[in-house]
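Look for subunit A in each of the two complexes below; its partner is subunit B in the first and subunit C in the second.
And then the complex of A and B:
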């Protein structure tokens, strides 16, 4: 099939996928895990266990805190030691459940065997219910609850399901390894989601720098009986894996500002999410583990790993297991070098969305001293949303120019980092545009609230 | 954590691009043209450019240090680029003090008084050249006989081809050998001898992604089309497209001066409009104005429209 890519902007950072040839290893269990209640985009989950309770792996620990929310399950068997405040990797306060690990006993009904189950449930509601009950969230980074995305409110209807295997962030290889090692499970997961959505065509989107993954997925599709599942090769370009960019690349449609992908008939799910959906529906196994890449530019290849970890394991435990934090590391990042989050607190526990432990050395990660803008336009050329970061930066710094910021679409910024990456003058474009976006979003929300209040007042009058 | 680590927003790494590397690429791109002027004009061409570069860099250093009291910006090499371009726009061997005055206007007036790199409204090198052209018209249009390492058979001192047209009419250049003019066009500023050398540098810049080709192509196309129309109407009065492309500063200006980041529009279609403006104005000056050559004036005039063009032309936004 023709290789496709998105039409606006984009950059080509060095691939740096050093851990690509490292098979997935199973991380040993620590003595304690800390399960965060803030594991998805949406309301924090509400604990339903008490201190002193014995729990089994896969047992429900917490319920969704709202419509956009997810169940949280115990990743281990053991005793609930404490439920209280903790800190996430950025140092923000969260509620977490501390569990002492005792053995590795799983809740009844969970199928841990490696056999592939290819027969799909007949009822789409069964699929949705099982995905919800298993606490599956998007593992591509945004951790949006998967069952919500798979059940769009009518009249919206999915015309295409895009399985995102582009893994466009440099360094990261967890999706890649899973596509090589468990391709059939990913395809069954895709078929399940396809069925839940009412049978749209499904594209498994992979960048052409991963020919082995393309081959592996194609083989799995050929060996399975599902219809309308295709591999869509993509030209390597960052941020291909961005939801909006992927829809543009594959479907040649652009999601309107402020709208959801489903408004263009698209549903995007990550390849690893597809695997989690498979385990949830076919194996009754809740989302209690994920795959993490331990990588960096200051780590010898033999010390790089891809590992299957239980959610709640402290980051520091994983770092120790992999041989400790390298001497030259100046910045530790959870996620890729473009969009990941800098880790302030290595004692924080992993969450569902944790995908990497990335060590970058001083010389790569240090920001250049800021110089004056030379108006070279590299930031505008790189922006995949077609924004003009230099202009947004200037307007933000001038202060009080929110109207112009909105007109120039600061709120559309996806924070992919292309502008700051490209700037030859080292201007902190994204830092400032992010602030501008917050200001504009505030105004947009206030306006919507005011309009709603006015409409209600008018209604009450009548 | 025993050791402390950097915590800051994404992205966590950066492209190797820097202002200094961009300017270095421009300097590399100018090398072929500098080499050609050395071959034809000898050491006097190099001396002209050396004086120009030295005065530009020194002036910027002195202004940042003593007037602005800020850390020096000469490390970004933009003053070197301005210096080379100014030198290339002067007759080889012009008096050193005229060059220094040109540098003072270019760096002191056009660049630093607007706030330094990235803030100037007018292209510094052209501002310097135009100031000198108006102030010292005699010296600025006295073209020396080449006495370099390559002796050209048609070497002459005095008027340029465009000057000849202004005085004697279009027919006086009717039998011009265009291929020869493309390779070697003696008479004129130090840097504009060889169209080939200039174009080679420009192609290098395009390949390196330093400049986009639209502005330059738009200028070339406009000059060619306007000249073709007038030449077809009255070949005796108006010179043709090829003649106008190859003479004067059209190639030097279109490749290296009009493409200056700061003084040209940001969006691609804005650049096309800007290029059209330059091409049109230069042809009007050549056909109807009192100056034989108009590239510098055309670029300066269009520099002024850049803020307006930037307001009208924006990038194509996603989903809008």
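And then the complex of A and C:
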């Protein structure tokens, strides 16, 4: 087996995939769902329903708020109770639509049968339009609208489509379960995206700690008639699932600082996104559900779950369904332990990108006391972007050194947390580097705005 | 022997003189002409180099002010009017006097009234904390309590009060340079006019949530009920996004808003006497009564002629 991995940095945290053998269960419907308008990267969506409207599952609730934006659909059938302010899982204010659940009646035209549809539409524009109309966004975590990614502005051309099934974060098993249980759908989704991109080679990238998934995907590919779809096993290393790391691992190409993957001819899509694309195009089913892992180091294996949830279900409802929050849990995280976000508000509703409910105990989450940097260089060794976190940290703390931070590429940080994980002195490197990144992005944006204004002024003069 | 000593002295002295002359002529030739007023202005400035004026330091302030056409773009918040008078005397400009300002915290969510609902274990920096989530209390607008403002203050005018978990401004030390205003990620600090004898009225809250939500989050929150707006006879209070704001240029320090505020979000600062709420409320009630009576009388006079006609 020809296993590949990315060339610089990376760490090997314990696997901890305790929920790997738990099959996907379907979550029951709650009494109320809260659909957030901020479900994807980019502008928040604009509601197009009014209070009191009856909605069906799969009906459009909101339109994209900009070019980078996505449609939002109703996950249930019921009555719109309110459209107003709510709080997301970090406690920040968002706009949300509250729906009283009255049943599970789907909008007409949506195919809910389990049969596999393998015939692809002839026109790539049909595929793109259907993906856009279904509100599909990247489910690997960044929730970038998929139709934008699949339609690169010329002259950029995709040479490879990478289906990301590496799931390199510890604990998470939702992608893995989907690859075991619905491999054919993922392959059809990959073929659809391949067609939309004009037929590049498609690699389904899976880390070697998931041999069953590799086998299952291979079987599905063999049984289906598509060309140029291959399984690419990868050596386990975090953060393999990072877009730039995956491109490096599979294609041996480095995406330049500030550039998009398409500049190197690559398009990366998550395996679950591929499934969502299949449902959107072949079944006309919009993205109203996703798979969530309920796991943790203080949760017995029998109460760990992988569940198919409707978007908008409150996190507290899922926690309750799975048997309540364990007593020992000191921190609840949405997402993986490396890049996930701590949940401050368990009453918040799930969004398209919600992928896990992770309970971690005091021992593993408590920060170590901060000590002096001993210049061991472990953070630099671990950084998959080849940065020097200790230096960025120092420059940030000195204050007012944005230009030096830019020279040292603070803006390239992918916030994977390898530096923080590897630091023996417990220095909060990631927290500070993230702030440094914000500062540098600020000056880059200000510079671009100034250049634009200057260009416009010159134009007006002429 | 003596000869050697004399020759040595003469040669060295001659060499020294020659080099000194050379240096003198070079210095004359490549002299940088600088406006002597820059030095004078810099001497007049406090020399804190805090950047509160918006320039890179006192020297930059001096250099730019000398080359500017007036002093409209220059004001030293640390030195205040006195220093600006000196500067204007040196440069020969006239200036408008500005009211002295002071930093004011617009949050009164002390530990008592704003319970902590989760534990923050990250870096002790408000900026980092604000980027991660809304904070460890129910109020997403309030003070995060990590002391970024205290760290930003170059005059030692801010300190965290461990009892309330909020920063306290030492008015004698605060120079209104605005460093803390920039440091606060929640925009809780505002520069306000000091007011006569330091007295001023402040709504110590920035919660934009509706009443019930704000109340639930913090006992001292402004719930946007608008009683203060109705009571104020000077048009000094505006209500926007469920939050009252007192315009310090219009406020006449009558303290009526403080008396009627149901949550205690409005505070009078530096008043010599504590507020007698009942007396002020009685005064307002009387005034309202009188106003109502006047209105009724006016209505009566307006109605009367018609009534008379009908009687006829």
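We take it that the second predicted complex is superposed on the first by the 461 of 462 C-alpha atoms of A that agree within 3 Å, B and C clash if a C-alpha of one lies under 4 Å from a C-alpha of the other, contacts with A are read in each partner's own complex, and residues count from 1 in each chain.
FYI, contacts are C-beta pairs under 8 Å (C-beta built on N, C-alpha and C of every residue); 3 or more make two chains touch, one makes a residue touch a chain.
All values reported here derive from a predicted model rather than from experimental measurement.
Looking at the shared chain after the overlay, A:412 reaches subunit B, while subunit C stays out of its contact range. Legend: residue contacts after superposition of the two complexes on their common chain; A:438 is shown touching subunit C, with no touch to subunit B.
In the superposition on chain A, A:365 contacts both subunit B and subunit C. Once the two complexes are laid over each other on the shared chain, residue contacts for A:380 go to subunit B alone; subunit C is not touched.
Of the two partner chains placed around the shared chain by superposition, neither subunit B nor subunit C is touched by A:142.
Once chain A of one complex is fitted onto chain A of the other, the partner contacts of A:93 are limited to subunit C, with no touch recorded for subunit B.
Between subunit B and subunit C, it is B that contacts the larger number of residues in subunit A. In the superposed model, A:342 lies in contact with both subunit B and subunit C. Residues 90, 341-342, 344-345, 365-367, 431, 434 of subunit A lie in contact with subunit B in one complex and with subunit C in the other.
Those residues of subunit A that touch subunit C in the shared complex are 85, 87, 90-93, 341-342, 344-345, 365-367, 428, 431-432, 434-435, 438.
On subunit A, the positions that touch subunit B within their shared complex are 8, 11, 13, 90, 244, 248, 254-257, 259, 325, 329-333, 337-347, 358, 360, 364-368, 371-378, 380, 383-388, 390, 408-409, 412, 415, 417-418, 420-426, 430-431, 434.
Across the complex, subunit C meets subunit A through its residues 117-118, 121-123, 125, 127-128, 131-136, 140, 209.
Subunit B meets subunit A in the complex at residues 1, 3, 5-15, 17-19, 21-22, 73, 76, 78, 115-119, 261-262, 266-267, 314-320.
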